[in-house]
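Each of the next two complexes has chain A plus one more chain, namely chain B in the first and chain C in the second.
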Partner chain A sequence: MTAYVKLEGFHWRYPSFSGSEDNPWVLNGVELEIERNEFFGITGPSGAGKTTTCKAILGIIPHGVKIPFRMYDHHLRGRVWVGGELVTGVDPAGGVVEGRPRGELLGKGVTCPAAGMVMQDPETQFLRMSLLHEVSFGLQLLKLPKPEIESRVREALEMVGLGFLVDDAEYIHPDDLSGGQKQRVAIASFLAMRPDLLILDEPTSDLDPRGKREVIETVSLLSRRHNMTIVLVEQDPEILCRFCDRIALVDEGRVRLVDGAKQFYRHVATLDDCGVYRFAVSRIAHQTHLRRDGEVPISLEESLSCFPSDLDFTVQASVPQPTSEVIVEAEGVEFAYEDGTQALRGVELKVHQGEILALLGTNGSGKTTLAKILNGIYKPTGGTVRVLGEDIRRRRVRTQLPRYVGYVFQNPDHQIFTRKVGDEVAYGLKNLGITKDELDGRIYRALQAVGLEDKANEDPLFLGKGQRQRLAVASILAMQPRMIIVDEPTTGQDFRMVSSIMKLLEELQRLGNTVLIITHDMTLVADYCHRVVALRNGRVVFNGTPRQLFSDEVALAATQLCAPQAIQLSVKMRETNRNFPLLANSDEWIKALEAYRLARPREPRL
Partner chain B sequence: MTMADIASNETLTHGKDFVRSFLFSVKIDSPLARLHVLTKLIAVLALSFVIVRFIDTESPDPIGALLLILLSFLGLHLSGVLRWVFRSYLIVFFPALVGMALTWVVFYPDPGRRVFARFLVYPGYVNLGLSLGFVVFLGFALVWYLWRKELFWGIAGGIALALLITTRIGNPTWSFGRTEFFHPLTVIVSDKNVIAGVTKALGYGAMIFTSLMLVMTTRDIELTGSMMQLRVPYVASFFVSTMLRSLSLALSDYTTINQAQIARGVSLNRKDILHKIADFAYMAVPLTATMLRRSREVGDAVLIRGFTMQTRNPTEYRETRPFTRADLIVLGIGVVIVVAVFVFRLNITAVLGVIP
Partner chain C sequence: MTAQAGKLEMGYGLTWNPNPPVTVPQLVTYAMAAGVYTILAWVSVVSAPIQIPGVGALFIAMGFGVPFTLWFGGWGLVIGFIGTSIGAGILTGLPLPIALAFGVGDVILFGSLLVLYRGLARRFGVDPLGRDVYTGKGFLFFFLVAGNIPHILGGIYGIIVLYNVGFIPPDAIPVAFAGLWLGNVIVVTIISSIVLRLLSPVVERLGLTSYGWVT
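This part shows the complex of A and B:
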């Protein structure tokens, strides 16, 4: 056997502790081989079994799970090898109890410290109370000598760009670090242990695009330097394609496709079927039947020779213009937290009724703080904010803001207060004092808008994450606010889920609502948003349309953001043809290419 | 721009002066932050014993109690406890301590050597009947509650109105019976109960502020480090450490959930206490769901880092601190004070002759 990691017909289902019904199989016969020193990517829709596969490689599943009555054969089938050693297997004839075999668990168990895994939520895996001890924890358990620990901690923090914190590391509490810094610490904690295999389970989902690329770049560099095998679970095709040797598509508990990174994204039909992210240029080429040597392009370079460079298309705003009514007006807004951190330094902002506005910026730039001020959760420490003409510095005005400004938090689990979907929507309405006659109608309409009307009597805690996110939107939607703020609606979600949430928000906007989105997803901004306000270090550094932002290198440098692929391509095209239309997103590209095809019906390349 | 630049832009935490402690934060180089946690714990326990002796009603030592409360204030000041933190605690405790002193005066009717005032507050029986003052009080409180859904201002207003009316036109009472209950209660303000009350208030104040000093100047990592030094099994000290970390996570989740509740309009209307309790109870659903998810993930994170129930004696790395000369001096002073107070029955007030 040559593969470093091998899963052979691996099946797994979690034990059910409620009721008599068995849980369904989460992994349904996973077949996977990963070579030593390979940078291997895994992608797939939400709930496909990606994280469970990673846990199986580590041996946490099944060795770290309590299986009722040790009925291993009921929960587990197949085998897992790492580094030539059997990690998990089950002998169906073993574990005989009262004459009946229940399966005997085989294998060495949890593969740590030879393997490590950085999980999605950096907060939860921060186990110790100081930065220093968090990074040193694994090394202490390995019983390394103190000087070795000292040098490895320093080295690991420097590797992830946190070297400037080394001297104070002993005094830095987890709460002193931003989400992005915590994710870097999580990576550093494993890098310090120098594992042979490092699994990264969407470790950068909370990072801004540039930070995300930098972190993965560092991991890639280190993997080559220290001969590590890397498994990266990720949704972003640019990241996967840039760093991985091969990529696997996991869907419904099976590995549906494994191919070389570039070739992987040419399987457009399969990827489309699973609803995972694809390259914008592949999507455009697939829908307009453009091919380069018989295949869809995935990079800008391939697209340049595939797409016509003489498009003559007038870009029209595909979205309605905002009305002139200003519903939020902020002047010189400042905010400092109790510990003295200055989050906002004189923010100027106007939000118009009926627009979809993106609030962008790097981690810690002050986006969420500003949004919480607009919702009345925080009181600005300086400047003025008027919402619907009322000065929100007055407490009386601030307490009434949730009537007019809704806020959907990033994590749906933080905002589900009842055990019934219908009651959950009713919760906010009751606080508004809505009468019983009106209540049922509003609940039904809100649930219908998010496609959950048939789940009204179900327990929200048993819904999938995407459904919980939609329920959170419905709960705010039912309150009929003039403006809805949605904080990071796409984190950790697949393309299909993101599209469904964004289509819902677009529909709300069409009905006259104002939508403010906080996001790191630039494709989403280019696809759906009318205007962008970008913050950096608590100040507004850009205010304009996505098209202006993504086509202006100076603005991109000032905001530290990256342009999505579709507009990058039109910018590239304009380098050779100044009259080429500045197409901002895939939809505009598809429309332009269809118009081009209609104008040239016999164009051989189309 | 390098990765370090990007990371450092997120939040700047260079050159820290303060470090988070169990409660708020402490100046890194303050004298109390440099003491061993066991020294601080023993010193606080010793002072608490001394305070128990100082507040003894038979031979109270108000000057001793005053010195100890001043000592705790000094400790908090040296630890860099922010003024607003100190003020907010003082606002909470000051009325409680004054109340305690007054309670001692009322319920400790020892005439001592000199009585300053004496008045009967309870005759030893309860009149069964209705008085004008009672009806006014009850009526006002009830109407206020039905109107504004508030208890506090209803009671306060009712008392004020009842007092105003009864002092103006008297308090006509329709009495239909009398029952003996307890015994007559006379409030005596004497030298003895005033000194006892003041000493108790100062003593309990000193206990509160020295305890605050302990939790405000101690970091959780010191606690687990001390457990390692005391040869407590690593599994136990790691459990304590994880518990403290989980508590910190739960507090941060609580803050977010509370904000999410505000966003759902929980503060839009004035609510009575019962509705406020109900709103608070609603938080249990997201808190429990989040904590369950976190506990599962923390379990995985612990396993991935290589911790098992069989883990023994990992390398100690900057978790424990040695006992220094300063620790020995503080412990020595503590022993001297305890011996002086308990063995030689030191009473500073008596030594200074402030009270004859």
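This part shows the complex of A and C:
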């Protein structure tokens, strides 16, 4: 056996500790081999079994799970090896009780320094009271000498871009960090231990695009320097393709496809079928039957040589215009937290009725703070904010704001509090006085939009993080507020689910409601948003359309944002053809190419 | 019905160790429960003190001790012993032997609770984890078996200890007994019923309950 990590016909179902129904199999015969020192990617739709597969590699499943009455053969089949050692297996003839074999569990889990795993939600793995102690905790367990611990902590924090916190690390509580910083700390904690095998389960979902790339680049460098094997679970094709040697597609508890990173994204039909993210240019080429040497392109360079460069402005789509009614007007808004951190420094903003506005910026730029002011959660420390014509500095106005401005928290656990999914959605509706006849229909429609209609009686505690996020979105969507603010609504969701949530927001917008989205997903911005306001260090540094932002290198540099692939391709095309339309997203490209094909039916390349 | 479900439906009883091993999450839960019980026992004594040392007007901790025992089996006895010995005993300034004697009182109380509830629940068709506490039959069973009988036994033991260490005179025995018993009845009827109704399904689904004394 040469593979460093090997899963052979691995099946797993979580135990059901109550009721007479068994849980379904979550993993249905996973076959996977990962070589030593490989940077291996895993992608797949939400709920496909990616995280469970990672836990099975380490042996957290089944060794850390209570199996009722040791009925191992009822929950587990197949074997897992790491570094030639058996991590998990079942001897089906063993464990005989009352004359019936229940299976005997073989192997034992692996831990650091052999292996480590950074979880999707960093808060689930924080144990200590300070940043310094959190990052050094694993090193202390490894009984490293104190100078070695200090140097590794410093190095790890610097590698994840938190070097500026090193001197105060002893006095900073992990809870006081932003979502993105928490993720960096979780990664630093494991980088410091330098495990042979490091599993990263969507570890950068709360980071801005540049931050995400920087952190994964650091992991990549470190893995090469210390001969580490990396398994990265991720949705973003650019990250996976750039850093991974090979990628696996996990779907319905099976590995459906494994291929080299570039070749992987040419299986467009399979990826499309599973509803995972693909490169925009691949999607465009697949739908318009464009090929380069018989294959769909995945990069800009490949696309330049197979996409027609002689499109003209007539195919450029028009952007829907919002009404002129201003529903939010912020002038010179300032906000300082109690510890003195100045989050906003004179923000000027107008939000119009019926527009989808993206609030962008790097981690810590003040987006969430501004959104919480607009919802009345925070009171500005300076400047004025008028929402629907009312000055929100008045307490009475702020207490009434949630009736008109819905806010979906970045962390769903800050929002969800009932013991039933249906009750969570119903709570706000009941407060609005919705009648019983209408209530059930609105609950069902909201849950259906986020794919949770069959979970109405489930306890939110037993939903996955992605599902809890969708529930948080559904509970606000159901209220149909005049303005809805969604803070990172699509983090960790697959392409199909993002499309479903965004279509519902678009529907609300078409009814005349206003949508404000905080996101790091630039493709989403290009696909759905009418206008962009970008913050940096608490100030507005850009206010315009996505098309203007993503085609302007100066604006991109000022906002520290990256343009999505579709519009990057248009910009590249315009370098050779000034009349080339500025197509902002995949849909505009597809429409333009279809129009082009109709105009030139005998065009050989199409 | 599947093999696993059938095994689970054999249900909660008084066998010693039917579902081994004790997992790390279970041990962490028991330790946290012991911590909660200890703090509540201490708060119960110091927040509403009466003339008897180590005894409070209402022993709030009991409201959580009853659910802990129904969920965790014999571990509830351990939690009660540790919590009361430390929280109501050592931390309130009682000598160690008396504090330990107080702890034994909770072992008797929770032991009788476990034997009675687990032993009789199936026979009377009520839920062994008290999820049906707000139904007519469920509440009656809960009130008698969890809210009264164990506290009469615990109260008798407690009075014997208090009398023997000289904390109460002979003529105060009836009043002290009635106080201990009725105080627990009030706390258990209000707090334990709410805790059981709200949290039993969650604790069970997390795989933290014991089907016998140990596991």
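Miscellaneous remarks
Just so we're on the same page, the second predicted complex is superposed on the first by the 530 of 606 C-alpha atoms of A that agree within 3 Å, B and C clash if a C-alpha of one lies under 4 Å from a C-alpha of the other, contacts with A are read in each partner's own complex, and residues count from 1 in each chain.
Everything that follows uses one rule, which is that a residue touches a chain if its C-beta (ideal position, glycine included) is under 8 Å from a C-beta of that chain, and two chains touch if they have at least 3 such contacts.
Because the structure is predicted, anything quoted here is derived from the model rather than measured.
By the touch criterion stated above, A:L142 is placed in contact with chain B alone, chain C being left untouched.
Of the two partner chains, neither chain B nor chain C is touched by A:G260. When the two structures are aligned on the shared chain, A:P24 is found in touch with neither chain B nor chain C.
Looking at the shared chain after the overlay, A:R419 reaches both chain B and chain C.
In the superposed model, A:F69 lies in contact with chain C only, and not with chain B. After superposition on the shared chain, chain A has more residues touched by B, the comparison being chain B against chain C. Applying the stated contact rule after C-alpha superposition, one finds that A:G441 touches neither chain B nor chain C. In the superposed model, A:N537 makes contact with chain B only, not with chain C.
By the touch criterion defined above, A:C112 lies against chain B but remains apart from chain C after alignment on the C-alpha atoms of chain A. Applying the stated contact rule after C-alpha superposition, one finds that A:N375 touches chain B and leaves chain C untouched.
The contact surfaces that chain B and chain C form on chain A in the two complexes overlap at residues 64, 419, 461. The touching residues of chain A, when paired with chain C in their complex, are 15-22, 64-66, 68-71, 74-75, 419, 459, 461-462.
Contacts from chain C toward chain A in the complex involve residues 1-5, 7-9, 18-20, 23-26, 198, 201-202, 204-207, 209. Taken together, the chain A residues at the contact with chain B in this complex read 55, 58, 60, 64, 110, 112-113, 116-117, 119, 121, 123-130, 132-133, 136-146, 149-150, 158, 160-165, 168, 170-178, 180-181, 184, 189, 193, 210-211, 214-215, 217-218, 341, 362-364, 372, 375-377, 399-400, 402-403, 406-407, 409, 411, 413-419, 427-428, 431-433, 461, 475-476, 479, 537, 560.
Contact residues on chain B toward chain A in their complex (touch as defined above): 1-11, 13-16, 19-20, 28, 219-221, 241-242, 244-245, 248-249, 252-253, 256-257, 259-269, 282-283, 285-286, 289-290, 293-294, 297-308, 311, 313-319.
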